[in-house]
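In what follows, chain A forms one complex with chain B and a second complex with chain C.
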Partner chain A sequence: MSISDQGMEHLKTLARLKLGDEETQALKDDLNKILAYFEQIRDLDTEGVEELARPIDSFNVFREDILEQGLTQQEALALATEAEEGFFKVPRTIDTD
Partner chain B sequence: MFEPVIGLEIHLAMKTRTKMFCACPADSFGQDPNVSTCPVCLGLPGSLPTINQEAIEKAIMFSLALNCQVPEFTQFHRKNYFYPDAPKNYQISQYDRPVGEHGYVELPGGRRIDITRCHVEEDAGKLVHPSYADHSLVDLNRAGAPLIEMVTEPDIRDPQEAREFLGRVRAIAQALGVSDANPEEGKMRADVNISVRRAGEPFGTKVEVKNLNSFKSVQRALEYEIKRQSHILEDGGSIQQCTMGWDEGGQKTVLQRLKEGEADYRYFPEPDLPTMRISQKWLKRVREITPELPDAKFERYVALGLREYDAGLIAYDVALSKFFDRSLASYQGKSQHLANWLNGDVTGWLNSQEIKLSASRLEPEHLAALLKLIDSGTISGKTAKDILPELMQGANPDVLIEERSLKQITDSNAIEKMVDGIIAQNPVIVAQIAANPKAVNALLGQVMRESKGKAKPELVRELLAQKLGLEQSA
Partner chain C sequence: MLLDMKFAYQIAEEVRAQTTSAEAVVQTALARAGVVQQNLNAFVTIATEEALKWARALDARIRAGEDVGVLAGVPVVVKDNICTKDIRATAGSKILSEFVPPYSATVVQRLEQAGAIVIAKANLDEFGMGGSNENSAFGPTLNPWDSSRVPGGSSGGSAVAVATGVAPLALGTDTGGSVRQPAGFNGIIGFKPTYGRLSRYGVIAFASSLDQVGVLCRSSRDLALAMDVMAGHDAMDATSLATDKPMFGAALKQATDLRGLRIGLISELSEQGNSPGVLAALKRTVDKLTTLGASVGEVSLPHAPYGIASYYLVATAEASSNLARYDGMIYSERSGDNGLGQLEVMMRSRGEGFGPEVRRRVLMGSYALSAGYYDAYYGKALKVRRLIANDFARAFENFDLLMTPTSPGTAYPLGEKSADPLSMYLDDVDTVLANLVGLGAISVPAGKAENELPCGVQFSAPVLQDERLVKLTAVLEAHDGEAFAPLAPL
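Right, the complex of A and B next:
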């Protein structure tokens, strides 16, 4: 099993990535290696083996509904590439106006 | 002729103190941007989520109220998508094991709308798009806030029914204290799935309209889509599956994007959170602390003797029913009398001022006191109506009538004097009464005027009849 060019375009759309031809090809090669690894896993006989989503069998680990001090606005925005008037500033996400 | 097939997806902001997976405030409506965040809800590396037990409990309570089955085992999944309102690049949601499944809500006419599922998830941040700018702004206060998402089967027949359904869901959520469920603050948001078909044909291709933030927008968007889709099909076209938005200004739906498939979200079990097991003991405890539901309130009010119409108005309005119950607790008269005042004069006044009951200063005990004053004959119904606006602004009726001596005159000696005086002043009218008994009303009016409306009308009428030798007509 390997990924098609069409599949690559779809993935790029979902991941919102704009890649050149070379980058796309490099990524495609990487993904195909990963897929090949999964092919190997798929060949294993898992008949009768129960699904295991988490390695630790703990459950009902809850937090009480009690407020704790978080970050200030300044601290929150400290890591932002760009900020404006207390907001994170990002490339425009919709085409309006 | 096409018939619509409608399903709803409703998001309710849960009323907890903290967010779903961290200890930041859950509600930051009206706050400055980015003042309620922490490394968890900002998705900073190394941070780990923890489950808010209160939110799970509220979701269980809500699911039970919607007649859902609550499974023994439930878990969270990751829903992956890339958008600036999701700082982790995934949303923690539920997929194969929601908190509630296979429920239903019954509508006033007895129609049943089936609920597919009720699950818990975290909210996204808020995006702001300044006009004529090449950027967008992100506020992550809401990111990670606890949500219930409920999905209906495509059981809804028309836009009006969709609106009724939303009303029922809101009443249930508010009565349980699970959510404030007010669309104005974004605490109740609906997405609709709508397709049309010719009667008897299989389902058509559906379109999703997202982020409708009022009941009215839901109705309008559905009406618009039914027309749009019907026209396309009539002209021999076909409907494309897509996601649309509602343009409030233009009152029309606009294309947002072609539909992503479910596989594109690459759901997988959230590895950072343990599973949850909901024991019978836990369910029992939740049932015990569940407040009275609107349907139960309705039954109780009808049993008290309220007309169904009034019982319905009160039972499905949480603020009104709380008020009614408190008022009734200090009123021993007929509950219908109280309902008449609440649904009549009080609601009328609120509508005229365009405010909600909660924004007025009317005390439940004051309304009860006012009704007691009427019942005992201390004040007339007219006086009660006259002073109601002051009660709405916090006045105590007992104090008011004392201060202004508004008490009805029930002393027959005092009234007799007035009646005698009026009879003496009006020989012409008195002479007419023999031929036309209704002429007595003119005298009654004059006595009432002389007493400034405080004479008890029944007593005046009785005395006039006595003095003039008339048969008392009821």
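Right, the complex of A and C next:
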């Protein structure tokens, strides 16, 4: 399998990355080279093998719901990219065109 | 004339006995850090004011008769993807270049509660993605043994700080070898504990089923001190093991010889593919282990060669998900005018805020998880991961520890592998396995290999048997002072 030019455009949208034409081409070549290397595991027989997503078995972890002092609104918003009157401020999300 | 940095246990003894002060120790560390920064670019931030303030406060408490802890006055360097309250944490990325965390990671809090003092934030490959420190938005770190070469990565700055004696202890993170490989390239100890032993609260995530905090140092005693202080359950991290009781100091006390210890040399990784110098160092270590009473035999892990493919699929898939939060909206740097609309601003912020390797991995991971490819790539990688775990379980039926080189070669010239990402990935062949399976693993110094550069050997232990690794390191250290702890030239 390899990634086409069209596939690359789809991938850029999925990954939310704006890239120039030159870099898009270079990355497409890189990714296809890396994918070719990954082919080795696709040939491996894994019939009946269970996926291992986490190295150590763990289950839902619960704790008592105890009220504690967290960050104040001011402390949290000090990290904001843009804030106004106690709110995060972001670019418009709905296209009005 | 710069004073040499002592080991952590020595510093703590002297500071507690008031034969020296924390302030004097920190001054020495900061002076060395300045030189190392100028020559090797090992740091993103040197926290001069904060460190001196902490040191003076600590000295005042000691003078007042207070017991300030087993790491009293010990300077530590912390990788810049680990949060430190009020000191910026960039993860080596432009997108976090202004991020000043409002809290410290649990591991940092615990070190500080034991009297340690954070003096600097170490340079790294962006978000921990890389093995050479060339992928930092703050420029590459250089190798202290040969400044035309890479220091390894991604915890390259942490390794350089310890190898040059800026601090006896440094924190790194290890997702696929990022503590062990730079430790090998710098001639020091690099330890990645079992998954879940060190809290990741306050650690900037790369791949959550693989990430672990690790320790870089020059002495097994310092390692045991740091681990006993940091390990143990943390309610703030759901993956922190609930019943963990760190026993590193106790393990050290039993470190006399290696009689009865069965060590398996992984045959798939210990022959072809390694440089002659690395193989010679491996052989020297095997001989030494045998002399000390251990038995060393070969063991086959048939799926070990598939580790790289499995690892890079899992790691990039998880990274593409973890890094989705950096979009220039709520926090992180924003590119482009708000009038362009959210999607465009988001795509610009990420396109400009992430460096080339991070962009490459986010795309790779998005592909591996995307509709139609999930089963063929990500799902398949998880099955191979299971086969690798099964290989380890079988090997540990007959052996107490497993052994490989830490890396197939020594530190390489800057730029040599940056044009070919796959060639850099292949260097992680020895180290990724411990992360896939969640095992504890350590790189210990094994003397010099090609070009008079240091190299390491790696040992891994069954889950939660990390103390065995520290004990083994202590015995090797006691019988091979020369390979251990040489300070790199400044």
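Throughout what follows, the second predicted complex is superposed on the first by the 89 of 97 C-alpha atoms of A that agree within 3 Å, B and C clash if a C-alpha of one lies under 4 Å from a C-alpha of the other, contacts with A are read in each partner's own complex, and residues count from 1 in each chain.
What we mean here is this: a contact is a pair of C-beta atoms (placed from the backbone, for glycine too) under 8 Å apart; a residue touches a chain by one contact, two chains touch by 3 or more.
Source: prediction; values computed, not measured.
Look at A:93: by the touch rule set out above, it reaches both chain B and chain C. Judged by the touch definition given at the top, the superposed model places A:42 against chain C, while chain B stays out of reach. Contacts of A:56 after superposition: both chain B and chain C are touched.
The partner that reaches more residues of chain A, of the two candidates chain B and chain C, is C.
When both complexes are overlaid on chain A, the residue A:85 reaches chain B alone and has no touch with chain C. Residue contacts after overlaying the shared chain place A:16 against chain B and chain C alike.
Common to the chain B and chain C contact sets on chain A are residues 10, 14-16, 53-54, 56, 58, 61, 63, 71, 76, 79, 82, 88, 90-93.
Only residues 1, 3, 10-12, 14-19, 23, 27, 30-31, 33-35, 37-38, 40-42, 44, 46, 49-56, 58, 61, 63, 71, 75-76, 78-82, 88, 90-93, 95 of chain A touch chain C when the two sit together in their complex. Looking at the complex, you find that chain A touches chain B at residues 10, 14-16, 53-54, 56, 58-68, 70-73, 76-77, 79, 82, 84-94, 96-97. Put simply, chain B touches chain A in their complex at residues 16-18, 22-25, 32-39, 41-42, 44, 50-56, 75, 81-84, 127-129, 131-140, 260, 264, 268-269, 271, 274-277. Listed in rising order, the residues of chain C touching chain A in the complex are 99-100, 102-103, 194-196, 209-210, 235, 238-239, 241-242, 303, 306, 308-310, 312-313, 320, 324, 327-334, 338-348, 350-352, 354, 356, 359-360, 362-364, 366-367, 370, 373, 376-377, 379-387, 389, 421-422, 425, 435-439, 463.
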